[in-house]
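Scroll down for the structure; my scribbles are underneath it.
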Amino acid sequence: MLIVMKSGASESEIENVLETIEALGYRGHALPGENRTAIGLTGNRGAVDPAHFENLPGVAQAIRVTQPYKLISKDLRPEKSVIKVGNAEIGGSELAMIAGPCAIESREQLIETAETVVESGAKFFRGGAYKPRTSPYAFQGMGEDGLKMLVDIRDQFGLNIVTEAMDEHGVDAVEKYGDCIQIGARNMQNFSLLKYAGKTRKPILLKRGMSATLDEFLLAAEYIMAEGNYDVILCERGIRTFADHARNTLDLSIVPAVNRLSHLPIIVDPSHGTGHNYMVMPLARAGVAVGADGLIIEVHPHPERALCDGAQAMTPVQYLELFDEVRRIHAAMAVGSQRNEEKLLTVA
Amino acid sequence: MLIVMKSGASESEIENVLETIEALGYRGHALPGENRTAIGLTGNRGAVDPAHFENLPGVAQAIRVTQPYKLISKDLRPEKSVIKVGNAEIGGSELAMIAGPCAIESREQLIETAETVVESGAKFFRGGAYKPRTSPYAFQGMGEDGLKMLVDIRDQFGLNIVTEAMDEHGVDAVEKYGDCIQIGARNMQNFSLLKYAGKTRKPILLKRGMSATLDEFLLAAEYIMAEGNYDVILCERGIRTFADHARNTLDLSIVPAVNRLSHLPIIVDPSHGTGHNYMVMPLARAGVAVGADGLIIEVHPHPERALCDGAQAMTPVQYLELFDEVRRIHAAMAVGSQRNEEKLLTVA
Amino acid sequence: MLIVMKSGASESEIENVLETIEALGYRGHALPGENRTAIGLTGNRGAVDPAHFENLPGVAQAIRVTQPYKLISKDLRPEKSVIKVGNAEIGGSELAMIAGPCAIESREQLIETAETVVESGAKFFRGGAYKPRTSPYAFQGMGEDGLKMLVDIRDQFGLNIVTEAMDEHGVDAVEKYGDCIQIGARNMQNFSLLKYAGKTRKPILLKRGMSATLDEFLLAAEYIMAEGNYDVILCERGIRTFADHARNTLDLSIVPAVNRLSHLPIIVDPSHGTGHNYMVMPLARAGVAVGADGLIIEVHPHPERALCDGAQAMTPVQYLELFDEVRRIHAAMAVGSQRNEEKLLTVA
Amino acid sequence: MLIVMKSGASESEIENVLETIEALGYRGHALPGENRTAIGLTGNRGAVDPAHFENLPGVAQAIRVTQPYKLISKDLRPEKSVIKVGNAEIGGSELAMIAGPCAIESREQLIETAETVVESGAKFFRGGAYKPRTSPYAFQGMGEDGLKMLVDIRDQFGLNIVTEAMDEHGVDAVEKYGDCIQIGARNMQNFSLLKYAGKTRKPILLKRGMSATLDEFLLAAEYIMAEGNYDVILCERGIRTFADHARNTLDLSIVPAVNRLSHLPIIVDPSHGTGHNYMVMPLARAGVAVGADGLIIEVHPHPERALCDGAQAMTPVQYLELFDEVRRIHAAMAVGSQRNEEKLLTVA
């Protein structure tokens, strides 16, 4: 059920609808839009009678939703969500660039990398303190000590911190130290973790699972939002296919597919998405050209010495060139693209 | 590092090796075999010098291991592990049959199903109290109330209980109420959960992830074992491919592949592996014929009314026929198969 | 359009319907069944009016078909087609075993292999004279010289010859020398070749393409049958997935899926389906257990010297044991399986 | 074997090397480069002794090649091949745009579409006369009549004609009427057809098979080139994966992978690559941004009436906007991209 408020509806009218929903034993989610607020109703097993809401003051329409998702849907919020991450934004007109090493290894490594990231003009710094590794015997990350180093990076460079949590303890720690909690591909359907993350008040960067369909990806976001955290950023990072020339197959068609259904921003990870240094630049360009709201890029001052995924890390010099390139493409698109896509959508 | 004890090595000699390992800051895992005990050493970053162990009393050999896995390996234990689950076994000469509904729905449903399961001669009962569902709005299971009903089934019918845990709380609960903790496909690389499960003392049924390679599957088991719980049962449940005639593609070739590398038992789930009632019987037969140690089958007294996965559930009548069929095939194989496979392995 | 004749319909009544179809500008395909003949009508763009046929003498029913396939369908012939190949059959109660080397290399190699094949009791001999190779620089087969050697094998051992054609010239040659024309996986959607093969009067062994869906597979058979050759045998040989422990992923669930929709026999190729010698025996057992009508197995007297796919070839000793194993399983299934599956189908 | 000539080598020195190769029973392929000519040697089973060539006049070096491919390789020709198609080029600094309907339906449809294609400034016109269709009962194309209409389009509009051949007869016809022979995805490993096409003297547009690896794709091109036709243009058109939001998964990472190994140009087909009108524009942009040498786009004056693949066809208005967009991106890349990629390659 989706309750669309009139464009002039007051705060107290919205509040009244939310209370009515809760009185019926359901849960209400108010998502303010540009022109008016829509309220998603969740927690119902079967159909809910629209008559409960249609005559409440300020309500324009109560619509039954038959799609599997509600809160991620453009029906609820037609314009793209701009998510506040620290002191910057993802989903707005500016391309969001998140850069940094795969794993936090040392204070020196972080500082050296952060200097490059700041120089490029990017506003977000990434670096893993908790690393999901295929082998139990591989380097598992520096844990809370690493998170504390990230705090220093934020203090020193003014970068906003994006870092992964692998479990409830990690979510608590990243909520405390970071600006954005990353849920990795392997945990995209760790539903308990999604629910837990949904109870925090920090934005969530949700990576697509290696074999996740579009529906599963959007419903994973819905899990988080159903708990009350509406600040979800999606991330395409490659899927698993038979193709063996890249570590994963970056599925850029998911970007227009998400943009068609959902108001959530989506970014692209060409580093994990390809696994090869020489592919990162071309696929970063393609990610921007396909319409992503940003990129997440692995940078390492000395890729050959990296403890994790060195083969895909860019050197600082390469990264600065990459940022130049994608900025040029983003600018080239700014003129025509948005206007055109709207036209296309109405035709399609 | 793998330390193979002499066949007559005493308990105190084994203990002495384990203490030496710990004194060096590593972790020792003693796995007794038919003829002699092997001790796996984990926790090392780089290579460990075999000289530390070669001259200890009772030690036959200290072998450097270059494969990514140690504890799951046939190098450590050449014969198949027979895992005790409640009062029965998985991995022995008898085919292990686990049957029951996808989700626990009511006491009546469980009793009606358990009567069929007992009648068939199966020794394990399955039923989900915590259900991983793609949508946050789908039925999520009865939780601890459901687990308590399973306890009654065990008391009344003498069946051993296999049920899924999705998070640490669930692991605690299943450890308390059940006989075997299932880790589902979506959590196969939830490394925090694997480690947590590795600290329990109940056997773990580990399902293959939808896009997991053989290495990733075995290393997920290694995660559990590295924490000290060596009772892991693997389960093939279908992988994600382009093929659309079945819900998943049951990859039976993983059974001989696992048997070649690992001592762990492996069972097959033709219910989730196909998603269609009419495919369960033929793929159950194939699962037994390929050499699996058992099957896990969804049975529901009234599939058309099931709250979860009704399309793949077998009726009691179908299930009893299925068990007859697979028993006949298992008997037909008993004579020649094991002998032959050994020959094949030596040739291959 | 499907025209079902009455059970006592005469030859001339059938002939009359076929003539009526042709007079309307379409094509008629009479497939005699156990109890009555059904006639498929193809060549129509839109719907055909059943009234043209309903009142013709001997016609029981004229049914509009909305499925994409007609001639492969169980609607046309409810019972399984038994295909005559040389002096033996595929699709009947006996398990069809096709065995021989991947590529024909020499007369000695063929004779040595044929002795094993005859000893096992198999009735079909395979051996490639035209080899589809990924590289233009790999051994491409002995061509017509190879086919002539196969004729000698038939003469000497009484085995029926199954061998691949890659183009129209090859189809002509195999039609001349062989008993069954194999269309390989890479040519499954070579529609020109399928049509050409449909004009021959030798049975066709059609292998599933590496990324073919069930529909595409059945429609490839439909291409052959639409030209008038109804003797098509399907073959599952593994699909391409991310899984890397086998050369392909043998998708055994296609066997019940085909059996549900089509009257065509289907066999399984565990040699190409796995690519590893040690997997061939277990997957051969599984192929029989899942309900395939036969197996195609690569045997080579000296696999280590094979010019093509030696890694998957069985030695004569292994092959004889394999045949013993699968025979035992086939016998174990004979009692219960067919009866049960019919029950399942009525329930499903 | 690869024989690199000195930069000043004369025609007769090159001729002399080719004769020496043929005298040894092999085949020589001279590919002139910017600075010097390299000669590929094929037809050898085992290794060839470099001593045969090293001392011939004009020879700089004779190099043993261990990779599976020779003629497609950058070792043979370091700079990108610019392929002449009719009166225009593919592989040069200008973006090659190929546009037109999926299937030829009528003269009016072709003229209406060609007017748009000419207006955009594109130089290549596509349109299928022979259509590979999954079902034998679907529209199979207008055949030679369609090809003759394409000739009229070339005469009237000056566009160069790209159209598919499905068999030898089709290759002959397209060689006669068209400017570029397309080999479709389903025939990428139809090796007999590849060899036949290799004997023509028209350029070949080779589409990647639905489940083709990079190696298989390049070796399919090698098949054509080994017969003496060196004018091959590769085309990425989407691969088959589990993802269900698009008809295929467009694998753009193959573009840098091909560019790293081969001198052959590669274009992208976002129409078949996605199957959805609304995705064509964003993926066309991405295709250009990733570094493709061109695009092939389906345009239809009335997509809703198309006999084939209407869901993915662009209207003329959409197509003109698309071309504007991609031109802007191509220009944005021109400055920095090529310079940067060279740097990346030297680092990687």
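Just so it is clear, A, B, C and D label the chains in written order, and each chain counts residues from 1 on its own.
In this text, a residue touches a chain if its C-beta (ideal position, glycine included) is under 8 Å from a C-beta of that chain, and two chains touch if they have at least 3 such contacts.
Remember, it's a predicted structure, so these values are computed and weren't measured experimentally.
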For chain D, which other chain has the most distant CA centre?
-> B
In terms of residue numbering, is the interface formed by chain A and chain B classified as same (over half shared) or different (under half shared)?
-> same
Taking each chain's centre as the mean of its CA atoms, chain B sits from chain C at a distance in Å of 37
Length of the line joining the C-alpha centres of chain A and chain C, rounded to whole Å = 49
For chain D, what residues touch not just one other chain but two or more?
-> 211, 240-242
Which residues of chain C touch chain B in their complex?
-> 211, 213-214, 239, 241-246, 249-257, 260, 273-274, 276-279, 281-283, 285-291, 315, 317-318, 321-322, 324-325, 328-329, 331-333, 335-337, 340-341, 343-345, 347-348
Chain D - residues contacting chain B, complex = 240-242
Residue ranges of chain D in contact with chain C within the complex = 42-44, 68-69, 132-137, 166-170, 186-187, 189-193, 195, 210-211, 215-216, 219, 222-223, 226, 240
